[in-house]
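First, the structure itself, so that you have it in front of you.
Chain lettering (A, B, C and D) follows the sequence in which the chains are written, and residue indices restart at 1 in each chain.
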Amino acid sequence: MSELDELREEVLAANLALPAHGLVTLTWGNASGIDRERGLVAIKPSGISYEAMTAPDIVVVDLDGNVVDGGRRPSTDTPTHVALYRAFEEIGGVVHTHSTWATSWSQAQREIPLLGTTHADLCAHPIPLTRRLTEAEIEEDYEGNTGVVLIETISLRGPQELPCALVRGHAPFCWGSTPAKAVEVAATLEEVARMALLTNMVEPNAPSLDAAVREKHYQRKHGRHAYYGQS
Amino acid sequence: MSELDELREEVLAANLALPAHGLVTLTWGNASGIDRERGLVAIKPSGISYEAMTAPDIVVVDLDGNVVDGGRRPSTDTPTHVALYRAFEEIGGVVHTHSTWATSWSQAQREIPLLGTTHADLCAHPIPLTRRLTEAEIEEDYEGNTGVVLIETISLRGPQELPCALVRGHAPFCWGSTPAKAVEVAATLEEVARMALLTNMVEPNAPSLDAAVREKHYQRKHGRHAYYGQS
Amino acid sequence: MSELDELREEVLAANLALPAHGLVTLTWGNASGIDRERGLVAIKPSGISYEAMTAPDIVVVDLDGNVVDGGRRPSTDTPTHVALYRAFEEIGGVVHTHSTWATSWSQAQREIPLLGTTHADLCAHPIPLTRRLTEAEIEEDYEGNTGVVLIETISLRGPQELPCALVRGHAPFCWGSTPAKAVEVAATLEEVARMALLTNMVEPNAPSLDAAVREKHYQRKHGRHAYYGQS
Amino acid sequence: MSELDELREEVLAANLALPAHGLVTLTWGNASGIDRERGLVAIKPSGISYEAMTAPDIVVVDLDGNVVDGGRRPSTDTPTHVALYRAFEEIGGVVHTHSTWATSWSQAQREIPLLGTTHADLCAHPIPLTRRLTEAEIEEDYEGNTGVVLIETISLRGPQELPCALVRGHAPFCWGSTPAKAVEVAATLEEVARMALLTNMVEPNAPSLDAAVREKHYQRKHGRHAYYGQS
């Protein structure tokens, strides 16, 4: 049981990092992590305040979202998380927030254009927007089908090239190789969303970043010959 | 007297939560709570700083707004609070703030459109705006008649479906089954107001949230078969 | 000398309140207070950081701005402060900041329209803007003549009806019966400026607040029969 | 070795001041300082979190950017820093951030117009924008050529008259006689950028500050007869 405890601690830390980065109001937002060997996902309980949350509150579910361990009801967004884990082996952590600026782009139903190097340091493409869910999809399995449209949106490029996406009318989902990496993506996305909005206010027709600069920044951080950070 | 003391503590905590949530500047804003059995309302004193406020400063009034207990003058907005308590049995706590973003919509004299799921998690309708007060209403009983127009605005749907409203040219009022719930509504409304304004900046013609998603979010949190939070 | 020490402490507290209210960046901004009996003004030293400031750093000047006591050079804005004290007996404290939102209106060279009750709680008029200084006025005595245009701007209504004004292209000056009251005006003005700007973003043609509501709010706080706050 | 240690401490302090001033998200941004006698530059390591950073993490490089002392890989922006030090003897410290508002102007590919006295207190010109890098320049030596276009942009007036510039599509670089002065420029620039953007929102055609006021403010702080601050 001690490996599950470790995962719980990691997922608790990721959840607590969300208010620390200013990404959540009240209890909104949730982070999860996966133990790939066991096929088990640890996730935030639904509607619990961050101040009161401790490791035993973190719920463990299987890849169908059934509770396997823990006394709490898991996040209502659990079916979206497990859909992402099932679809992409590379994903080790998922974060969902209603962070102010990224959510505003989701509500505007607009992808986030690539306007600067801060965005290119995260991703070499606009931040994509999911398609509209049909009424049947909402009725049948809303949270699971939110996972379906996220998977559709990123499947061509994969979750490493596209580390996050905006759910139309809702808010962002982010992922990474670990829960901590997914939190880092969420914090970066929020700042990218904020600066894109402010850039638009200075200059409504701001051009996209030059392709050569965009590739340089993305590759120096994520490419085969990356030289950003410590080796 | 110990039950009144409990109510005072509850109302004090709700008042202190307002600056903690970033909803007030200086001494603006006030929270109240009601003891339905006794018909007594506990409310913030007028113009007292939050840092210095203690439980004995909280004033107890009857449902006509007459001071029953306490050495302070109650909030100038007391007649609005008691009007709401008199009109709706379901209301257990009321909060009034001049929080930045919600107040900006009040000043713009525009209801807040329903643009995303964060709004639908709070309420399935646009946040309504009260009608203009007549000069006679202002002259005769300004604060009481502010209650009257709030009651008019929400009476068709009731205070559970509409947990808050914007007073035209002024600022929001919020309510809930307890003072703490009313504070939660106030914090949520402020974030909803902020994201609606930013959404409009990205896309001035942002469409309303799809009705099916709106109903799904509202019902999963507030409906008969709600499955958000812990049971 | 002990009364001067008291004034120094009062002025120090007012200066330290400016960063506490989020009204200053680095060392910008300054507060002063006057001892009317002695005709002496205590004011912030120029370019000293708020963290390091102690009461002995506060400089005492006469009503012509000559240093009477203290080892520091007074704020470069001292001639503006003393001009205001000389012109209006009612002024007991003056605050100048480059607070973000009020300064943005100054730079836009626009008075702040009266759009809501928060503004009316402070002042029953738009926040006025000084006229352009002539080149001769700038050359001859820039800081003194900044006082002159402020005095021109408010002289018709007086410093009680108009507790602050925007210097064109520069930033706000605020005043009150004490240094602490002037700080309160500065904090209120900043929030009023912010909400007016955001209101304009929601609705570029937002109407002025109804005159009857405006008078009601101003009078209940500042009128002869004021009933806001503790008596 | 003790002088290098001193420089490291000074550069560490400058780096830690960046999050303290709200200028950085995650690990973005970097500060450096130079020991002119030895021709050695101390700079932030690449991708290290500010919370964990200590003096031994600061990397010492020569003016060609080769690591001379320290166990870390230096900031990827090191070639830009050393290019600036090589070009201008007056520069003793360099700061690069992706601070929100200044970066938004960089992304909008617009210089920051001189709209108020806060800007004039920093610099008597619009904050300039570098030209577009060619694909060859990006390919060959991206970071070094970022230095080249910065040097081109400021060489006519020099680094004292122009204490900062915006790299097109990227973010600001700032400099000063010491690392601490460069941090002060970065904090001032961010506030100037924010107020310029907000000014534009109030009044899209806001006029430039009158030349006479601009010169007065710049000269009273930076001119031969400066009288701002303590002598």
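To be clear about the criterion, a residue touches a chain if its C-beta (ideal position, glycine included) is under 8 Å from a C-beta of that chain, and two chains touch if they have at least 3 such contacts.
This is a predicted model, so every value here is computed, not measured.
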Proportion of interface numbers common to subunit C and subunit D (over half same, under half different): different
Superposing rotation of subunit B relative to subunit C, computed on C-alpha atoms, to nearest 5°: 90
Most remote chain, CA-based centroid, reference being subunit D: B
Geometric centre distance via CA averages, subunit D-subunit C, whole Å: 33
Subunit B and subunit D, separation of their C-alpha mean positions in angstrom: 46
Overlap residues in subunit A, where contacts from two or more other chains coincide: 201
Inter-chain touch pairs (all): A-B, A-D, B-C, C-D
Residues on subunit A engaged by subunit D in the complex (per definition of touch): 115-118, 184, 187-188, 191, 194-196, 198-199, 201-203, 206-207, 209-210, 212-213, 216, 220, 227-231
Contact set on subunit D toward subunit A in their complex: 25-26, 28, 45-48, 72-73, 76, 98, 100-101, 103-110, 132-133, 135, 138-139, 142, 169-171, 197, 200-201
